[in-house]
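Here is the structure we will look at.
Chain nomenclature is as follows: A, B, C and D, assigned in order of appearance, with residue numbering initiated at 1 for each chain independently.
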């Protein structure tokens, strides 16, 4: 069925969202359809836009800490990390090594939590209800660990320019180690239940193929690019924090289809566990907060900082005019670029495949509507 | 570093000024000042060199709004920052056909600043509702508006001679 | 004239009341089982609040649904929209007439019992089409169209698999088929037919992994998107009753019907075995639903044409030859 | 598709489905992992960051607040109001108003970190509900007195 030949009177519009079970938030996609074939999906953004960039321009820079977590509720610590590191880069603050290690450990825990959430949500999109409860079970363990150290379960406000707001204790180390063992023992179960399932494989194999060229043109990063065989990971490409000290692999896919993106994220969880293990083994002693003046004026100029968030490259770009208040803040969020692939990706696809492809992009809507 | 030099050479032809900057301090490698009309040429070079689009944004400074482009590379550590000012009509040529990923960034910039991207295939409001098209929420008020020079890095005094050398050659 | 008709009439009224009551009861039992089983599969307790282990929850849910407003979309076809849920009820009540619950317990043992059931239950697709069409909602229409295509194509393997049994027994009467399973249950002789029938049955009842007509992640709720309150619950009742019928045919044709180790209730003891088998099968369907993802539409069709129909067809041919030779 | 592929696919696919059933069956027999919330409650971590609360100095039993207003200034959403007055014969100011507008608080903890005297602490309240916005305008001094 060639969609180009579809006569005009066969075409109709289908509104998917803003309230739809598989748009994971208030995303609306206007689908131009021919029968069950999607001809032209056009995402409509802005239903939950909070103008975070304007908020950043309206308050002294420490006042933006809590906002960072509200952009990506599934991977809030990466947003914390990017912002704090940006300020550190601009102000030339040296972070104590212990704080950097804590940042890496908690960030990677958060990455796993985010991937576990996505894992369940994708399966939910594909109509399997049970895996999300299994992954939530594991994710709860991470949230408990992080709650104990950061004080909140989801919208963390833990990192500060110059370090972290609270030191970790032996209990944290112990619980994290226990969690690593636990999650490793859970992977085979998930593999049996989902990764090998013939219905699942048929739903994602060859669906939504994104190649390297497409990633480049759209700026798609993170697991979407890695699924397309591009070994681009900001942790490697532009090393920040103490990531260069750890030994980890960057899993890549071959075909760039939904299955590859799925497998990349699945393998990434194991790599994150490896990083956490190494960091726990080598955790240095010392302070967790550098000396930062109470009132710190940002020197004029522009500065950019990229981190690898759970969904891809997150770049904070700040233009300062020499006061405490940022003059302009731009946040390049990974889901935004990843979603913009959709019209080209899903052209001529079945509606069911669109759901699978969109699920494999791992969209977090508040991040897009920041 | 040598790879950055390659790009530098390629970009030199279309840019007003190309300045390599200290990555550890600013988070990118190359600052490229562009003429309004050469943005597309710049984007094409970036595309041919294998860069992917980071973001497109604007900043409201006096005398004219600046539009900024960030590109990064999948295979090498190189981040390029391009900027240009809008013309008298508040317009900049679009790069959405070279980098489709810039499409939404440009629409968003149009929403927030009113910058018109000439040649853009679909410059409809992306985030703002249709009735608020002219809200331009990120424009600075008269009081807060700063001069373009006020948001630049102060010229490092020691490095001035070395930085000026390639520019003089041109 | 009247005198001779009266007992028959009373019998029919009693049967009708019992059947309708049973359809409701069955939905409650299955609703409870489904929610409880899915909960334990997902390692949570499930219903716990109303009554011991939440056993009365479904009663409360039913009352709530009855009390709810039936919202009728303004631009829908009001008459058909109201008619569809009621209509969905008829094809699931009628097959109960011929199902042999026990040696003596059957409302009417028709000679063409099997054909009667299949004919009536294939009407089910019509009500879904009516519901989807009259809602004037694109999602509903998608659901309805999918359902029609799916039900019609899965009727073929279903019939073929049942035909194998009919060839062996030489009768369409369900009691006759049960009687023929005195020595050995047919699922041992006809495993391919049994498996084909179960798969086709899952598709016929629109249950996961073949629940495309109501795929909530794609079509919100498919053909009953616009239905609320009792309209929605009638569809639910119909779905569970449909499951019951599909499973009771499987029991009757493949699992020996009401046969089992004799219990001290005389000719009526078979009903216990019958219900045990039927609910066992239904629990299996629930188990499947909470394990697998949903198939895609073309894959569903491919599976039917590439696997189910060839296998069922070969099975029928082999059976026919063997019946003739032996 | 070759004939071999046809049957292999059927076998592999069928097997994977059976394996899946095995996983859910095993899970069905394992104990449940959730808690019945209003009946059972999990202990909340002592590090939990609820809304802020004034605290007493364990030695003197008094609230060490010196009405410097650092917390109010540090708050990103401006949800803290601190007022004090100068009393005769006392050094420094005495706290008269310490109000928190919890509807705007985002629980970042900046106020607690900036307080030079450690007069503010996080509460452990997490299941807070109300019918009006005013119910979340807390008078922290009164709450401190009520706690005794």
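We take it that a contact is a pair of C-beta atoms (placed from the backbone, for glycine too) under 8 Å apart; a residue touches a chain by one contact, two chains touch by 3 or more.
What you see is a predicted model, and the numbers here were worked out from it, not measured in a lab.
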Checklist entry - For chain C, which other chain has the most distant CA centre? => result B
Next on the checklist: Please identify the chain lying most centrally, where each chain is represented by the average of its Cα atoms.
Outcome noted: A
Item to check | CA centroid of chain B to CA centroid of chain D, Å | outcome: 41
Checklist entry - If you average the CA atoms of chain A and of chain B, how far apart do the two points sit, in angstrom? => result 26
Item to check | chain B-chain C separation of Cα centroids, rounded to whole Å | outcome: 64
Checklist entry - Going by the touch rule set out above, which residues of chain C reach two or more other chains? => result 41-44, 290-292
Checklist entry - Which chain B residues sit where two or more other chains touch them? => result none
Next on the checklist: If I count partner chains per residue in chain D, which residues reach a count of at least 2?
Outcome noted: 17, 20, 23-24, 27, 33
Checklist entry - Is the way these chains touch best called a line, a ring, a star, complete, or other? => result other
Item to check | Touching pairs - complete list by chain label | outcome: A-B, A-C, A-D, C-D
Next on the checklist: For the complex, give me every residue of chain A touching chain B.
Outcome noted: 45-46, 49, 51, 53-54, 57, 86, 89, 92, 212, 215-221, 225, 230, 232, 237-238, 299-306, 313, 315, 317, 319-322, 327-328, 330, 332, 336-337, 340-341, 344, 369
Checklist outcome for this item: In the complex, chain C touches chain A at residues 38, 41-44, 138-139, 142, 208-209, 211, 215-220, 290-299
Item to check | Contact footprint of chain A on chain B as seen in their complex | outcome: 24-28, 47, 50-55, 57, 59-60, 68, 70, 72, 74-75, 77, 79, 81, 98-101, 103-104, 112, 126-129, 137-138, 146, 150-154
Item to check | List of chain A residues in touch with chain C within their complex | outcome: 12, 14, 20-22, 36, 123-130, 133-134, 137, 193-194, 197, 199-200, 202-203, 350-353, 355
Checklist outcome for this item: In the complex, chain D touches chain C at residues 6, 10, 17, 20-21, 23-25, 27-28, 30-34, 36
